[in-house]
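For clarity, chains are labelled A, B, C and D in written order, and residue numbers in each chain start from 1.
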Amino acid sequence: MDFDIKRLGFTLLGLLIVLNWGLLMSSIMRKLGARVAKRYGIRWFQPWLDLVKNYALRSQISHGIMFYLGPVFRIGGGVGLFLFMPMIIGSELWLNYSFHGDLVLLMYFQFFGMLGMALGSGEGGHPYSAIGISRGLSQFTTIEVPMTLAIISLAIQYDTLSLIDIVKAQQGGFQNWTMWTNPVATIAGMFSLLGALSHSPFNLVKAPNEIPIGPPTEYHSTFLGVLQTNAAILHVVEAALFMNLFFGGATNWFEFILKTFFIYFWSVFVGVVFPRFRIEQSVAWFLKIPLVFGVLAIILYM
Amino acid sequence: MKQVLEKLSASFEIEDIVYQRDDLTFLSAKKENLINLITHLRDIEGFSHFVLLSCVDWIEDDKFQLTYFLNKPEEKYDLGIRCMIDRKEASMDSAHHLWKQIATYQREIKEMFGVDFPGSPGVDEPFILEGWDNIPPMRRDFDTKQYSADTFFPRERPKTNDPKEYMKEQMHPGEWGEYRKEKK
Amino acid sequence: MSETKNNNKFENPHYAKREVTGPDGKQFIVDPIKDYFSDERPKVYEPNSIPVVEKFLNWARAESLWVLGFGTGCGSIEIPPLMTPRFDAFRFGIQSRPTPRQSNVFIISGYLAVKTLKRVIRSYEQMPSPKYVLALGSCTINGGMYFDSYNTINRLDHYIPVDVYVAGCMPRPEALLAAFNRLKELIKEGKGEKANEYAANFDWYKENQKKIIKDWNMPDYNW
Amino acid sequence: MSLLNIETDRSKYPVKGEDGKLQIDLDSHKYVKLWQGPNHPGVTGNMALELTLAGDEIVESKTHVGYLHRGFEKLIERRLFVQGLPTSIRMCVAEPDSNEYVYSTCVEQLSGIDIPEMAKWIRALLLEMARLQALLRVVPGQGGTFALGLGVQWGVYMRELILDRFEELTGGRVYHMFMTPGGVRGLLPGGFKKRMEENLKEIDQFVINIDNLMYSNSVFKKRAIDVAVLDPSWIDKYGAVGPVARSAGYNRDVRKDYPYLIYDQLDFEPKVMNHSDIYNRSRIRWYDIQTSVDLIRQIMAKMPEKGDIKAETPNVLHWRIPKGETYVRSEASRGEYGLYMVTDGSDKPRRINLRGPSYTQAVALLQDLLVGANIADVAAIMVSLQTCPPEIER
């Protein structure tokens, strides 16, 4: 692939759009959650304020070089996931740096940020961070199993490992979406999405009443700002991945926003009314129901 | 319940029985008999619920009064057992083996009054206070207001009056006789 | 007695310097005080030199107040109502955070026992600058109901700088919201610089703190 | 060290030493020392737990209290009997009315005052309202420890409704000081019963919602059932009272056993269960909400319209009480709540000592109940015992 300044420019613009959409989406979701609790909720621009505030704090303490690199790894994972994710299908400009076989890379990038965070928060020295990150890693390992099975099932179904090809195969009406052509893999994928977005009942990584608040316990000011930025990007991109895999991708930004919103809403919808699992219950749950669907998806399309 | 107490008073030298309410009786026991008495009450008489262990400082008699409250859930009856111990080098037999919570009470009393309970688990560890370097604060001779004024940077307060003296002054200024003379 | 205690700081065995055998069989020396804490003094942070930028940043700071979820006294019973449907402080950009590293506002909810004051100072010093303190209740102003108690402090502003006092026993959630609004005004006017004041008068504050915390077994400044 | 030889049975270590204490060598890297609190959102109130962990499991726990110590018992020794009331009620902020009741009743009993019938009814109404508002906070709070924040939001809103009625009746939101020694300060305002009934209707709906949200929720059941089971023999051994004792099969309710005020004229039956895990301990409080709502309705229906509210008392500035001592208990939402008062003939109490349910449950019982528990359940266990630190240290 040749260097193309236009493509780079559009990718950065896409990143900006995704970041702002991620922040707006999180404030909408929090407002929705507040309405269920009979509250008015935060103002819609609150996430931007929090972000500016965190970057504007004056003092910051580093616990060492790995502590410093933790958020960098995390945002590296989020941005990496974005870079190789096709955003809008049918437009050359919004495909980012997606290439044939990018699915494998995307799955790696999902895990990448978590690993970096493990190193960084480990150096923070707080026991809550260590407990949180060990929970996070063990949970994410089990999330990966059904997710991988679902994706392999799609790879078998469409006979490709390219995300663009998978999306292109689903064009031409919603009856072509993987959701209808491969419902079993969709179910496995959507269950593992619940864990990947870590809302309740799978938010035991942060768990404010148990280990406040897990890995980012020691992170503050700019470090926390970077983590927040990453969270905003990651949530959209994660939803976009599932949109591309199961719900036919997006042909314009409006469709993109609508679909990512509802995919993200699915985890919030579950999260509002369910308490949190313990770590062994969460691991057991992922290795039971989603795994069965994942294996079934493989067998059906073998 | 009266028969039980009479029976007990023979064997455990109980005195000063006060029937405070229908369901509450206070009695005094000797320091040597006390642990035996409450063990007997727990195991034989069915006082299975331990309510409270408290300490009162009778500084004028130079005594500490320990009060053990026992409750009998079947008959809904309470028994308060007083025990006077010397105020100097105050020490009492520990009863932590009878009920688990007694160790906590003893720890608190050790800290707040300075009554020692040898053998009670954790009795020497600080329970509530941290870095306390004065006499135990719940003793009557500890002046909490003075201590607070010396230690905690009190703010200037507006002048306050003792309500009793102030009202006397307002309603009956001077001597009572002068007040009446003025009225005439 | 108190002096001897002060001299031998860190008598806690967990803080002692010692040699440890690691899981791999190697021996190494652990010095928790050096490893865990830094003895550096707090710094005075100058505001941004461009007034417009500083104004914008102050606006963001004022509108995004993260409260440390540390209920130090009985005033903390009014914090849940503040965060729930009736009063809903989220509307004003107020959220609670469980760790001092990520919070900007410390609500001292009522009287402070000496034992709590020690933890309050630690938590306060761990908060990133600029930080603000709301003192709730009469007991933080002059001791209130507990003016003669041997275990509660009388004036909070001798130990940590206070931005806004809220009088009452106990202050209603409305009073707390009013205090938050006052705090916002102060920050927007650029007067929320009490963290710098603390750093500038560090010795005076430390002297007061050490006067009542008899077993001072931590570094002078807890990063 | 091969992978196959990993010690999985945690009950085998740490070993107990000769002095009966667990031998825990932190440098061996088998254990982690973890402090929870006082600055920890999962810990109820301002107290600390010192936990030693082996993996996710707690092998030793210690409760540290004293962060809220104000020396009430010392302060009240310096105050007149009437001045003691506003001081004493601040001993427990979650439910101050029980303090008012036990303090006033101690003073009345020692000076031989009988309070009028009407005052008794109003006192009982206040006590039930106080129980109700405390339970409305703690029942959804059990879900809150499992990250089910929705119930907490609803519950605190319902509590606000009761606080509104308190405000209407007494003028205070949290601290009321309505039950003064000798009676109460006033009658019910006009229309109070109607507004109360409206609020109770909302709470009835809330009770059903909470049942759907928490007690029928599969994840909640998974987290709560058979966790931290309390052996029935521990109830007397540790002095557990109230809902904790009732969940283990002991029918102990002060309102029923020692009917104070007008509780003998009311018709109610406290719920008793036979298996004390987190789920049942929480469930019993859910039943208690219904009992309290029912009792408030009964009291409002049966209470007289008018009557004396205050007995004849001495001048409060010269109120001297002869030498004596007494113990008065009431049923708070947490269980038996008692006050021991000693007088010596002067105008100030010689000694008062509060017996709060948390004193035993949050120190001795919690320490032993936490051993073997998962750290994820610590907050839930604390809430299920309804610990309230201010009444431990006072």
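Convention: a contact is a pair of C-beta atoms (placed from the backbone, for glycine too) under 8 Å apart; a residue touches a chain by one contact, two chains touch by 3 or more.
This structure is a prediction, so every number in the text was calculated from the model and none was measured.
*Asks:* Ignoring subunit C, which chains remain connected to each other?
*Replies:* Leave subunit C aside; others remain one piece.
*Asks:* If you apply the touch rule, which chains end up adjacent to both subunit A and subunit D?
*Replies:* C
*Asks:* Relative to subunit A, which chain has the most distant C-alpha mean position?
*Replies:* B
*Asks:* Return the chain pair with more inter-chain C-beta contacts, choosing between B-D and B-C.
*Replies:* Taking the two pairs in turn, the one with more contacts turns out to be B-D.
*Asks:* CA centre of subunit B versus CA centre of subunit D: separation in Å?
*Replies:* Those two chain centres are 23 Å apart.
*Asks:* Taking each chain's centre as the mean position of its Cα atoms, how many Å separate subunit B from subunit C?
*Replies:* Subunit B and subunit C have C-alpha centres separated by 37 Å.
*Asks:* In angstrom, rounded to a whole number, how far apart do the mean CA points of subunit A and subunit B lie?
*Replies:* So the centroids are 62 Å from each other.
*Asks:* How many angstrom between the C-alpha centroids of subunit D and subunit C?
*Replies:* Taking the average C-alpha coordinate of subunit C and of subunit D, the gap between them is 29 Å.
*Asks:* Spell out, as numbers or ranges, the residues of subunit B touching 2 or more other chains.
*Replies:* Residue numbers touching two or more other chains: 128-130, 137, 142, 144-145.
*Asks:* Quick one: which residues in subunit D touch 2 or more of the other chains?
*Replies:* As it turns out, subunit D has residues touching two or more other chains at 40-41, 66, 69, 71, 74-75, 78, 153, 157.
*Asks:* Give the residues of subunit A that touch two or more other chains, as numbers and ranges in rising order.
*Replies:* Answer for subunit A, listing residues that touch two or more other chains: 37-39, 208, 212.
*Asks:* Chain pairs in touch?
*Replies:* Between chains, contact exists in these pairs: A-C, A-D, B-C, B-D, C-D.
*Asks:* Touching residues of subunit C toward subunit B in the complex: what are they?
*Replies:* Subunit C residues touching subunit B: 1-2, 5, 114-115, 118, 141-143, 147-155, 158, 208, 211-215.
*Asks:* Per the contact definition, I'd like the list of subunit D residues that touch subunit C in the complex.
*Replies:* 26-27, 29, 33, 38-41, 45-46, 66-71, 74-75, 78, 86-87, 90, 93-94, 137, 152-153, 156-157, 159-160, 173-175, 390
*Asks:* Once bound in the complex, which stretches of subunit D touch subunit B?
*Replies:* Its residues touching subunit B are 65-66, 69, 71, 73-75, 77-78, 109, 236-239, 250, 252, 257-258, 317-318, 324-327, 336, 338, 340, 342, 350-351, 353, 355, 359-360, 363-365, 368, 393.
*Asks:* For subunit D, which residues are in contact with subunit A within the complex?
*Replies:* 32, 34, 40-42, 56, 143-150, 153-154, 157, 213, 217, 219-220, 222-223, 374-379
*Asks:* Using the touch rule from the top, collect the residues of subunit A that touch subunit C in their complex.
*Replies:* 34, 37-43, 46, 49-50, 52-53, 56-61, 125, 208, 212-213, 216-221, 224
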